[in-house]
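In the two assemblies presented below, subunit A is common to both, partnered first by subunit B and then by subunit C.
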Partner chain A sequence: MLSVSTKQMIGVGIFLFAIFVGVPLIIGATGRWDFYFTLTSVALLSIASAGVWLTFYIGRINIGQGAFALIGAYVSAILVVKSGWSFWISLPAAGLFAAMVSIIIGIPILRLRGVYFAMITLVLTQVVTLTALALPITNGARGMSSIPLPSGVSLFGIPILPDFAGMENTKLAFYYTACILMIVTYAALYRLVNSRLGHLCRSMQQNEELASSIGVNIAYIRVVIFAISSFFGGIGGAMFGSIAQSVYPSSFQVVDSVNFMLHCFLGGLGYVFGPMLGTLVLYFGWDLLFEFGKYQMLIYSTVLILIIRFLPNGLLSLRANKGNDK
Partner chain B sequence: MEQILANGVYLGSQYAMIALGLTLIFALMNVLNFAHGQMYVIGGFVTYTFYGQLGVPFVLALAMSCITLAILGALIERFLFAPVIRGSSREESTMLLAAGIAFFLDAVILLVFGEKQRGVPKIVDGVFNYDFRVIMPYDRILICVLAILSIIAFIGLMQYTKTGRALRALAQDRIAAQLMGVNVDRYSTIGFALGAMLAGLVGGLLVTITGMNLGMGGPTSIKAFMMVMIGGAGVISGAIWGGIILGFMEAIGLAVLYQYGDITYLLIFVSLMIFLAIRPQGLMGKPWG
Partner chain C sequence: MNALLQVRNVTKKYGGLTANNDISFDVAKNEILSVIGPNGAGKSTLFKMISSFTPTTSGEVLYQGECISNLKPHVVARKGVVRTFQETTIFKNMTVREGVVVAQHLRAKASLAGYFWGSKTAKKDLAAFGEYADELLEFLGMSDISNEQASNLPQGSLRALGIAIGLATDPKVLLLDEPFAGMNHEETMRMVDLIRSVRDERDVTIMLVEHDMPAVMNISDRIVVLNFGEKIAEGTPSEIQNNEKVIEAYLGSADDEIGI
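And now, the complex of A and B:
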């Protein structure tokens, strides 16, 4: 079933050490506290990108993750602000709501394939943005602002999660929270890909008719996968709204949906950790290029074009070329 | 009512031209050109520079838009899309490239033309007024006629010339076309250039009416995607129908629901999703394009 070699274990160990100990140390040493926000964003965006990657895994190009991230952000914000829920309960609720929406929408649109699916999901992002503008509960264009920070959680009197509002350094706390969420997401993704469901997904990626003819219930699997994917999107979006303490219809737009897709492509579609790497490179790169002022976009897009021109199969394909592929 | 129909024809003819370029590129190379809206904006800015700034006659400025975009399209195809399609293990990688090019063109537009809204002087003055039932400025009528003429010219090109025949063969079956002696690489470049040129032409036509700004690229691409989906991806007649249908929906929606603002677009999007759920390949598309 799930065999993890020593080499992989060491790799994961180094990775965990790097993000939980290494990064805070480096940031503390260099004093670039703004990197916390950047890295937190990377972690959260890579959660949403993980969802996009999962839909790629069944052979669908998903440019609609921005829609589910926005849904998640709004659900969490509304539950916290209007119903007074704890953020930690609203987080899974946001994910579940996004998943529910994706099931309702997914049943008809998952019949589409290829470019048709890509285009309709792109339109979906636009629909959700416009809906957020039109509905009264979302406050229209003014959005939801001054969302309270996540409150503490205690079980039987023992504090499990601290109160973010009473904390001195919320950046660090959010960084850790986002990283933990990201690791859980990717662990779940890795487990999923290496499970029976993962094998079925791969069979669908290659040929849906063939998979269906040997008894794979493709209609069921693709809805399930789409729902999981949107769940990730909802979680990422909800957490993002909580950090920014505000949600606007423009928080996640078509550009963001396209970016989620780019993260996956850039990292490489054949690798579970591809979207994580892609998000890191693209988002962090974008942030570093900020110093170039008005040339930021030009340099960013040039690099992007060059990468895809010379590495059309993603950054991680460099590793595969050396012959030690997964 | 007559006014709504006139607006519909006007919007539809322009939309159809935008969709034509996109669908042509899609039919030939299976590339979803995210940068189509940006190409449209560049076309508008080129016409603005030549007609609005330098005082070149409008028709000449329009021709400059077409030429610039055709060259740009040919270069993009030759040096970016063709090698990526060859080297990639998945067709979808071209979408990343297309999105990258869209960002790149946005950056170039920002640096060269700035972020301001730009407009040009009217080409013809006066307003056509039929008994206060149809009111339409003359320049809009002229642009509409020009757009329809270009569409007819484009269809003529596709139907009755050797280039058009080769392009249609390529769209039908790439390998079969190659076996019949069509120079596939050359005609891919020509097709891409033609598609980009159409985007530039619409941009040049529309800059005289709505003006042009940096932010118009993305929304235009989305609208073009919708038209292509309505009609069916990669089908020329489908793109024209898609453009006309979207144009009329917008004209009617804006007239009936004008007090609700963006509701029109929301309704259009939602009805499109329902339509596609029933008929995934659009009006005239092949299933699973």
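And now, the complex of A and C:
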């Protein structure tokens, strides 16, 4: 269970090489610098999607991740702009704040199951958007703009992270940062799912009553998982705000929350790396279909319906089925 | 009598309906006690209250002298009173062994964070879980199906898996919900032997709810009979068979309620 096969090691190696060396080389050769922004977005959105996937893992449909991403973006922006914090400290703070909010909201609503939980989470994004419009600290509809770029970090005089503002190529720097964050997120998610907490989640996903009869404190684990999920949302949102250098109440909307969920469906709920693939395919797919003009939405949604109809276990089930007799 | 579990004047009302009315009895250590009664007699409700899946309206359940009613189910499970469910309630998308490993949750010594980082205690725990799962499955005669997906199992094996999951928690009292339902005579007799050996070799006190009269008469040390939410009799199988109230409850009522 703990050991990693050489095949997996090679796979991870190829993946890391591709995103850290391959992609910059290709972009350098083709001159499509705009792809950096697209890929950075994919990496950050997939962090938030990872959180949604985790709530699926305890059998809850979460359509509220946009709320926590927006909270994370605002918390980081406010800490950097108004309190003068370093972005790198505001990033975990944003995640923790989102997690705290999710605990307060989660304790009452996580008792709900199925469509009832989904409905409540669907409302959350709207609630946070309206709150951001109403609060004085978030500047209402004007939002927070011209957020300074992340500053450098040095420990005992040794520079650890460079100053983004002094950089020539911030796009590349953000790309790398987002990729590293994404990798850390998915490594943590993979570990979590394959540790005992993951096994308990699976037992709850399959039958909460039986899980509690074997002594699992289901209420506690639900809240812990929802908090971790929202932490990922907060981190993703905060990083997004920093790249865009602005946060508005409309930065994350209900549509984004729905998309986070779709990423998980598309990639496959049974696979840890499903949401990562789902985000990539969905985000790029939408961009590629741009050429079809007014038919963009029609083709996009038709393809989605077909995928969900014929691959109910997500895109990754294609690969998993090959080596399996099932 | 050395009572391990005491049911004290337990009453459950759902609105105007009284599911259980003022029921009291004791369960001695290491006995097999069956709760029987016609459909709708309140057997399942009683089970749910003992395992704290539902609160009592009044009265209490004592385990080793300590009140265990109206707690959370996982707390009661931690104390050693564990219920199993009917066959549909298992971890369907796990293999038999995985299910039994997960069910050893209560035996864990490492913290959840310890498992995340792979601490020494966690590794030791995991090895112990696997070993105990194998031992338990062998004891229950399920070694050959330990890597089967639970959703592919036939009914008899599902029941056995339910018991395996219950046993994996290291219970002191195991509550079995209709362990013989839907089984033929041969399967039932095998299950009777299995439950006996669980009691004899694992030191577990057993309480079961059941419809299958021959099996109940065969397996039980004592029987509690419920009818319309009230306890109408309690005693050894032979006492119950000759109890007038019981005969009336079963034979004196509509034909479809004869549980025999």
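Everything below uses one rule, namely that the second predicted complex is superposed on the first by the 321 of 326 C-alpha atoms of A that agree within 3 Å, B and C clash if a C-alpha of one lies under 4 Å from a C-alpha of the other, contacts with A are read in each partner's own complex, and residues count from 1 in each chain.
Note that contacts are C-beta pairs under 8 Å (C-beta built on N, C-alpha and C of every residue); 3 or more make two chains touch, one makes a residue touch a chain.
Remember, it's a predicted structure, so these values are computed and weren't measured experimentally.
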item	value
Dominant contact partner of subunit A by residue count, subunit C or subunit B	B
Contacts of A:Tyr300 with subunit B and subunit C, given as first, second, both or neither	first
Which of subunit B and subunit C A:Met261 touches, first, second, both or neither	first
Contacts of A:Val127 with subunit B and subunit C, given as first, second, both or neither	first
Partner chain in contact with A:His199 - subunit B first, subunit C second, else both or neither	second
Which superposed partner A:Leu269 touches (first subunit B, second subunit C, both, neither)	first
Partner chain in contact with A:Ile109 - subunit B first, subunit C second, else both or neither	first
First, second, both or neither for A:Pro312, with subunit B first and subunit C second	first
Touch list for subunit C against partner subunit A, complex	51, 53, 72-74, 77-78, 82-85, 89-94, 98-99, 101-103, 105-106, 108, 110, 112, 115-116, 118, 122-123, 125-126, 165-166, 168-169
List of subunit A residues in touch with subunit B within their complex	56, 61, 105, 108-109, 111-116, 118-120, 122-124, 126-127, 130-131, 133-134, 254-255, 258, 261-262, 265-266, 269, 294-295, 297-298, 300-302, 304-305, 308-309, 312-313
Touching residues on subunit A, where the partner in the complex is subunit C	1-2, 191-192, 195-197, 199-200, 202-203, 206-207, 209-210, 212-219, 224
Partner subunit A, residues of subunit B touching it in the complex	26, 30, 32, 34, 80, 83-84, 87-90, 92-93, 95-97, 99-101, 103-104, 106-108, 110-111, 218, 222, 225-226, 228-229, 233, 262-263, 265-266, 269-270, 272-274, 276-277, 280-281, 288-289
